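A short write-up of the structure that comes next.
Per-chain residue numbering starts at 1, and chain names A, B, C and D are given in the order in which the chains are listed.
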């Protein structure tokens, strides 16, 4: 059953050097605060998994937390490139970064297989493209009824999945709504799950479109208001598109990024006691 | 895009002799009115698919509409047996009935494969039991990554799926909530989909737990208030447990059932113009 | 306080559940036992029904597995494919409850057919969620009335896999749950022998003799060296049990 | 009324959509074209974004594929696995929109890498939903700016499969959609030759010459016998296009 803890404590206990870590949230509810706390606690050698690395993985990778990235679309949506990730892939700065890349459908189905307790999932996938030859997690399976060949993807089971949600109750049941992406599958596929929430409430009022994560699949919940900014939390605050546009300038240059990182490391974690 | 029609017209156009027909609804929202209309229009040689045949298939099979039943649990829930189905299986009355039976998980995943446009689905399934040896729609598939053997089930793609829902708008977008069973998958797996609804509304107000079937996957919508009785429609009316208990007596005896059938055939379809 | 054998069975089943466990509940006896436990020593028991209702807290017992009362009081309602694929299959459930028309010495269960499959003597409802409950829950409790025609040497049809024909079979099939760890009847409790996996009598209910149990068992039932005797239902257990009302019951 | 080549491209793309079609929309140009069509001749166009928003009717164009405005105005929001598995994969989508950094003569697209995969000259964002859009939509429209460095003989990396190396490849792979039926650029329109599947020029936009198009194309571009000339954007088309505002734009 879920424990209610501080973000610092949660990251300290649940995220270890060398872990496979998924921070999910498809544009919406990206767990930025938790990612920043992972940077502050200087985790290293992580395998980072996210369908859309977004700014948060540009930051984690620029900060040297990762040795591998598993992803399916790595841009700054509607704006441009993620230069810290490019720098790591193409020039090994600040550390070499291995990549394993997929189509969205393939990566989503790797989580589905993990959530379902199966070793693989079947889909039509990226047949014919050059993608499968570059990832060992994609193979072929033959339908035992029709003989048709289909794509198989290996289950993904992160050591820890981190997501952000609008609300949790005090038992640790989590509720999120709006665009829900692959969060349910990423949590169910993981060995441990950390959820940051906008607010803890006494009772979860039902909401249309809600996804509920019951307390027995959540390891820890931390209350972190604003924990998804500069992405957004449906019903709480909007996406800070300016921050996304500004990131181009910060990300492009190693020194500008280093200055940003310094500031981050000086700042306290949001939602900490005493703040 | 969905057409708004009468139930009589919908069944007349969409359900043909010899079709594979799925009437779904897991205890909740069972499309009884549509089933009764199929009896009235005297469809024959149907392959009927339902996870839980329930009273509605006891009635259709007793009325001689079917030559085959695909199912996963065939009782009167909490009450007893379905005698008309037993009579057809064991004594061929009123017509011989072939069966293809599954576990719930296997049949649900046959719909999932159909909905996903795949020829099969993978699950752990009923390995070790005597079930797989009696159905050709269950086979084995080997994981290309781990070598593990898993259960494969063949996709199920009904000619027509019929479900009942609380509401539709006038464009034919359908909304249902409460226990939603396998309705979405059954509709998406089918070539044609008929939805009966409690009411047509101008606008679908969002409801927590809703499943929405957009108009482009629905062939026809018919307004049939009470169309799920004696099962129930969450938010509209409760399950008529007395009717379920009473069915034991009607179903047990061929003559009592014949009398029930006579009454049904005399009655007008609910929701018809002029009623 | 007087009690019936069926009340003893239900109370014994309820006692086996620990607070905080996640239980996959079937209709009738299992539902009664799980809801009893939730009202007694296990208020945080998480009840899941195969209709897709997660953490449901019905005020009255459902008549069917998909009654409205289950959806209305659930933390979350998910689709039927999801409940099987994401919740049951991966082994998230601590205890699954099963019953059947036949049970054999290796705890295999039959709810499909008495007689030959192609020419049945009695056609039963079939499997429903049982095969995957038997395969995937961490533990399975079987609850059924102890009668010689039901407790047979070999089931006519294996609907739910217990231990097959011996202790190695589950591992060979790759089944990940432990299987039926306890069979609770109206006469006593049977558990699989740690070596042979054959069911042995480990407890008798108050007033029941070993001879009675053997007379109602269709194989040569072994008796545990540490045969226990079930503590009779307490007044509180009986009060709560008798207060459980089924939805729409007369 | 004066217009830019990019405006012509967007209008031409929008005109290709018919009312009532179901369109899988990517961000930027595709989103602009689909939302333009919805405000002009196709009010019942069904827009689906890969973030899981079905039949969404945004007032402003989203900046990203998962903006709040998409969820707020959608008929239904489903999970990302569901949008790919239940909606895109089975072929329910009439038109999928794609773009890319490179396009080749067989309409294969590259959004992954310029140069070698292991030692890239430029690392691009990657595939996202594109491979399955290319495989599964009934038809694919490609919309991209026509430049010689982008319109290449062979793409460095096949992210999305067009016609591979010729007309038989899609069938051999079991791809069920028709593939890219139209490439709309800021200079004109290319369509696959019915026999060879190689892209040929079928229309030029107002003021554009065949020579200009050939100069910006990295293979020997064939020209259709029935070369058309695109009708210039109407005043209404331009008015509506210019009124489309992107969320959060300055």
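We take it that a contact is a pair of C-beta atoms (placed from the backbone, for glycine too) under 8 Å apart; a residue touches a chain by one contact, two chains touch by 3 or more.
This is a predicted model, so every value here is computed, not measured.
Q: Chains shared as neighbours by chain B and chain D?
A: Common contact partners of chain B and chain D, which must touch each of the two, are A.
Q: If I rank A-C and B-C by number of C-beta contact pairs, which comes first?
A: Ranking A-C and B-C by C-beta contacts puts B-C first.
Q: Just the number, please: Cα centre separation of chain A and chain B in whole Å.
A: Each chain reduced to its C-alpha mean, chain A and chain B end up 39 Å apart.
Q: Taking the mean of the CA coordinates per chain, how far is chain C from chain D in Å?
A: 57
Q: On a C-alpha centroid basis, what's the spacing between chain B and chain C, in Å?
A: One centre to the other, that is 28 Å.
Q: List, in ascending order, every residue of chain D touching at least 2 other chains.
A: Residues 85, 89, 136 of chain D each touch two or more of the other chains.
Q: Where in chain A do residues touch at least two different other chains?
A: In chain A, 116-118, 123-124, 148, 184-185, 209 touch at least two other chains.
Q: Is the chain-to-chain touch network here best called a line, a ring, a star, complete, or other?
A: other
Q: By the document's touch rule, what are all the touching chain pairs in this structure?
A: The complete list of chain pairs in contact reads A-B, A-C, A-D, B-C, B-D.
Q: Would you tell me which residues of chain D are touching chain A in their complex?
A: 27-28, 50-53, 62-68, 70-72, 77, 79-81, 84-85, 88-89, 112, 117, 120, 123, 125-132, 135-136, 157-161, 164, 169-170, 173-175, 246-249
Q: Which residues, counting only chain C, touch chain A once they are in their complex?
A: Per the stated touch rule, the residues are 20, 22, 44, 46, 54-55, 75-76, 85-86, 89-92, 136, 176.
Q: Taking the complex as given, what residues does chain A use to touch chain B?
A: Chain A reaches chain B through residues 116-124, 137, 139-141, 143-146, 148, 150, 152, 154, 206-210.
Q: Taking the complex as given, what residues does chain B use to touch chain D?
A: Chain B reaches chain D through residues 1, 115-118, 173, 184-185, 188, 204, 212, 214, 216-217.
Q: What part of chain B is in contact with chain C in the complex they form?
A: My answer: residues 26-28, 51-52, 71-75, 77-79, 81, 85-86, 89-90, 101-105, 108-109, 111-112, 123-131, 134, 148-149, 178-182, 184-185, 209, 211, 232, 234, 238-239, 241-242, 244.
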